[in-house]
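Two complexes are shown next, each including chain A; its partner changes from chain B in the first to chain C in the second.
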Partner chain A sequence: MLNWFYIPLQGIINGLLTGALYALIGMGMALIFGVMRIVNFAHGAFLMIGMYATYLLFQATGMSPYYQFPLAGVLLFFVGYATYMGLLRPIRGQVDFMVILLTMGLALILTDAAQLAFGADYHQINIPLLSKNIHIGPQISINAPWLVSFGIAVVLACALYWVVTQTMFGRAARAIAQNPYAAPLMGINVNRVQAIAFGIGSAAAGISGALLLPVFYLFPEVGNQFKLKSFVMVVLGGMGSIQGAAIAGLVLGVVESLTSLYWGNEWALAVDFVLFILVLSLKPSGIFGSQRA
Partner chain B sequence: MKRFFVLFSLAISAVLFWAGCSKGPESNTFKIGVITSLTGSNAAFGQAHKNGYTIALEEINARGGLLGKKVELDYYDDQSRPDQAVQGVSKLVDQDHVPIVLGAYSSESTRAIVPVVTQKQVPLIIPTAVADNVMESNSPWIFRICAGSGSFAAATLDFLKNNGDPKKLAIVYENTNFGQSNNKSMTEAAKAAGLDLVDTEAYQASSPDYKSLLQRVKGKNPEVIYFASYLLDASTLMRQSEQLNLNPKYYTSAGTGFAAAEFPTADKGAGKYAEYTFSVSQWLPSAKWRGSAEFDQKYFALAGSHPAYHGMEAYAVLIAAAAAIDIAKSDQPAAIRDAIKQLNLAETPFGPVKFDARGQNLHPVLVTQVQGGQYKVVWPLDAAESKPIVPAPEWSKRK
Partner chain C sequence: MRKWQLLIAVIFLIAALFVPLFGFTDYTLQILFRVFLFAALGLAWNLVGGYTGQLSLGHAAYFGVGAYGLALFSKLGISAWSSVLLGVGLAVICAAMIGKVSFRLRGPYFALCTIAFAEVLRLVAKNLPNVTGGDVGVQVPLLFPHSTIRGFYWSGVLLTGFALALSAWIERSRFGYYLMAIREDQDTALSVGVNAARCKLWALLISAAITGLGGALYASMFLFIVPDQVLAMDISTEIAIVAMLGGAGTLIGPLVGSVVLESAAEIFKNIFKEAHLLIYGVLIVVVVLFMPEGIVGTISSKLAWFKKAPSAPFAAPVPATAEEEAQRVALNK
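Let's look at the complex of A and B:
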């Protein structure tokens, strides 16, 4: 019955659908790391904020997350911009370790604040789209919400790539990444560009949260696993390469799905870190990276 | 400066010493400790517990309380985490000096607190943890009012044997103590009954995607699937079973998620995907024990929804604890424990309560099926209110 073909094919398709969402999250972190060399430990917390904001708006108005995700993006853009301007800029000159500590502390505060505000309960939303499945032949089925989030993630990823490569802002960001001392001499307002980059990266996390809400559970610590996955993607894709992180996201999704299919659900989470260790030990510049590690 | 610091540290030490030495509650309420999951992934069940405890508390206080004092419940929220449950025992016993603890909710948290209450020598009555290993320590301080996973497996197999006698079984279980224990019980019982165990799958309860797992199960073509799941995963599993067009003849389960009050609802559970699933049950509002219907009414008035058995189990342990304290006429843990051992309540809304030598109450297990969005008892025949619908119609043929 061609099961040997269709079963892994379904696994790969599921993996790509999940991977596109991972890619969006990873691209956000890669942008921040690439432009500013900041490891943003609060990335997962930003995703969580986006998810809660979407949840609250959904409860209040019933608007589907697939329509309101731009709002989460805008909210997190301002949160990211403010975080950079208010918290990170003052300590920019200091040791990297301080920046890491600050973002970690921020993540803790945000997560615990969410727990205080919303409780540690798990929430789930139910939208009609969740029960729609698209069947390709008798063997392959695709759950509609994942297809929608795949489409949105692909469009946003392309848009992000376009912004970074084709716009003045993107060029300025890359200039700062190449040489942070020469860039201001060229007339680039380093602080503003970096704050915008941080805002865009955080917006990506927020939008991912909104897209995740219908297919995942919502609880204060939901961001942690995605933060860890983002690190893996940034390393896999080559430090700071946005397109690398996007491909890495898809790769991660597919590998997790196939592992889950052939070895069991428990191993799917471990395989992320096996990949992480393999890449770090065999090709530290990442699969696509010739960037400086 | 040095003198200032010396005086300051002395002052701080004095304050801390005084705070730490606060006397135990010389209040005029009788405190009973309760550990349950008021928040976290099992919050829905913890809330059910709280409702059951509240109803029992009102009844007890209406009768005059215990030992002439009003009864007060000292809740500790374990946040659905076993380490928090252990901390809860310390707080309740060492700080609040409760003579008895009721709880926790999950098998994982309960197993964690069993050695702690034994060491602190305080009786524990377990309302809902079904893992058999929580009773393995043979500690004289541990009592369980609900039936265990071994009884779940036996009841399910008994039902299946008399309703189509399928032979190929797959077990899908969540990988903490609750799931592992039910997997173990069902594996042993199925082997003894001559069934063919075609697949066993463990999963992580807070995962949103079980499609790969269900695909593997589908490939093995079982006639019966036995789930051991909590509420969130039960809902996701049934939803994704429909997406994958997984059609065993019987969806059975070890209760819990598949027996939660929210499970057949659309907004908090699996909605229409819950239809035709079987579950074991410790109690239903339609149970024939005296007081069941009244409990159902009180619960509905309090919570706005009908209780599943978790709420009733909480009610039952508090009633049992109060009865024991009445008999013991004491607030000392050892005397209360001895009274619980002797307890013989012939009639409660949860059925008879009598703990055997190991501390286990021999509670009968029912099998229910979701029909028309409601749980209906289908087995054993003398308790049945409806005929079971087997096999479950295929997904594509359902409305």
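Let's look at the complex of A and C:
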């Protein structure tokens, strides 16, 4: 009874739970895009590194990913920082498709290095929390790990928003996003701010990887689909707007969940891209953005 | 410089035509076919990505449509070569639709949009098993029933030759200069009356036709295709990398890029097994960091130092004639 109500409601709830993780990935990407105007094709590979690091640590210590995700964040912060300093800074001022190409190359290197090191096998971890479900009323049930990761993702997303809107770093980052030529004249160390922003953006991807590990499979190319989704989110949210990307992440989660509910799982990604093309062709500034593309 | 490049490329291609007569194994010819196929695809991509400066990362769409066109039209009972033509036509129609939408965007937005279109096509091909066979795949007719691998090899070389000739012609035509003007500064190009939208679209249509033809050849050689093989993003990136490695916007760059990349990939395939894409990654990073103009672009700009310098921009003062001297003296008085 009332199935017409509960089934879509369950779908929407599942979508929001997934969407929070998407939002975190997308916010990282949006921060990088906003401050550097570059599309980071290695974002998915960074997420994959976060997943593998968490997996290895879990195998070694047995500690649940929900406790050790900050480590993945710290690791990826340094990976991102080093990537910016070593690879992206030397080619600043090149046309943007060189930067796209470089991050694509980096993604290929990281993915294939993971394949060499760990093989192409699928891995999965098993923690006791996975078998717990929370029931609300007779029809709705929520898988506990998703709820935990939702909580962590929401807290982190709010923290990231606070950092970008309230701190000196955030102000500097927004100044660069607004006008990369005037910002250094106002005494902003562009290199340093961009490096930190790249580090924080990568850390967001790494943490999302750690949070995804218990509820997802792990394999070297796992990042590709999340990379594509983060493009969709950044465009939907308005390029470079991190709150836009966060909302877009939730929207994407719900749209995907409802698509798989009614049309089947295999169409979810296709609907993402159709949404993406529609937004790009009808309103290139994004649904939630104000900047002109 | 350009004449030399063209001459070397033509000699190379003519020499390549005679290779199968020297009794190479089928395996070697198959690899060489791949080299020329990607050279042709790179040259086609170069029209859009190189001369026009629009970074398309969705050329797998046209490649895959060409491949699936051949497979599906021939399943309807149309002869193989007519199906190739229909497939190419379909690829051009796709390009017209994709171009209409995506060329309104610039920079990274354009690149992302092309990726999205190619991915939509891949997912649609995957999810419509009744039409395309889905993940199970679909059979493709053999285009050269008699001399199988040699036929493919020769057609690969001819396609490269055709793409090269077309590029050489476009590079020196009014149309080609329009394209390069758009690359250098689209707004300025518009302001002097270049119809940027139409030029970009035409470049894409030509590029898509060659890419679709390449896709059909590729599919026919494998006899069997699945969406993740011919519509994959890997194909798009490989095409773009071939052209950029050799030098985007140079005439023979994609040919050089394909020779370097495909032979490197072949050598490293035996060392790294599944992880042979690693070498792509390393090559890309090295090229972007140290040779941003690609192999051909960097070499030719270095060689330009040793070109005969043009005559001095300001003519040396000519000694005054007696008459002029007299005039000067008279004026100064």
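The rule we apply is simple: the second predicted complex is superposed on the first by the 293 of 293 C-alpha atoms of A that agree within 3 Å, B and C clash if a C-alpha of one lies under 4 Å from a C-alpha of the other, contacts with A are read in each partner's own complex, and residues count from 1 in each chain.
Basically, a contact is a pair of C-beta atoms (placed from the backbone, for glycine too) under 8 Å apart; a residue touches a chain by one contact, two chains touch by 3 or more.
Model, not experiment: these values are computed from the prediction.
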* Based on the superposed arrangement around chain A, label chain B with chain C as either clash or fit. => fit
* Once the shared chain is lined up, is A:Y217 touching chain B (first), chain C (second), both, or neither of them? -> first
* Asked: Is the number of chain A residues in contact higher for chain B or for chain C?
  -> C
* Could you tell me if A:M104 is touching chain B, chain C, both of them or neither one (first, second, both, neither)? => second
* To do: Tell me which partner A:S141 touches in the superposition: chain B (first), chain C (second), both or neither.
  => first
* At the Cα centre of chain A, what angle separates the centres of chain B and chain C, to the nearest 10 degrees? -> 70
* Using the superposition on chain A described above, determine whether A:V274 touches chain B (first), chain C (second), both, or neither. => second
* Which holds for A:I91: it touches chain B only (first), chain C only (second), both, or neither? -> second
* Scan A:Q10 for contacts with chain B and chain C and give back first, second, both or neither. => first
* chain B versus chain C as contact partner of A:D112, first or second or both or neither -> second
* Lowest C-alpha to C-alpha distance for chain C against chain B (Å) -> 5
* Asked: Of all the chain A residues, which ones make contact with chain B and with chain C?
  -> 120, 264, 266, 269
* Would you tell me which residues of chain B are touching chain A in their complex? => 39-41, 43, 79-80, 175, 201-204, 206-213, 215-216, 219, 232, 235, 239-240, 242-245, 266-268, 271
* Asked: Which of the residues in chain A come into contact with chain B in the complex?
  -> 3, 7, 10-11, 14, 18, 119-122, 124, 126, 130-131, 133, 141, 143, 215-217, 219, 257, 260-261, 264-266, 268-269
* In the complex with chain C, residue positions of chain A that touch it -> 37-39, 87, 90-91, 94-98, 100-102, 104-113, 115-116, 120, 224, 228, 231-232, 235, 239, 264, 266-267, 269-270, 273-274, 276-277, 280-281, 284, 293
* **Touching residues on chain C, where the partner in the complex is chain A** => 53, 55, 57, 101-102, 104-109, 111-113, 115-117, 119-120, 123-124, 126-127, 233, 237, 240-241, 244, 272, 274-278, 280-285, 288-289, 292
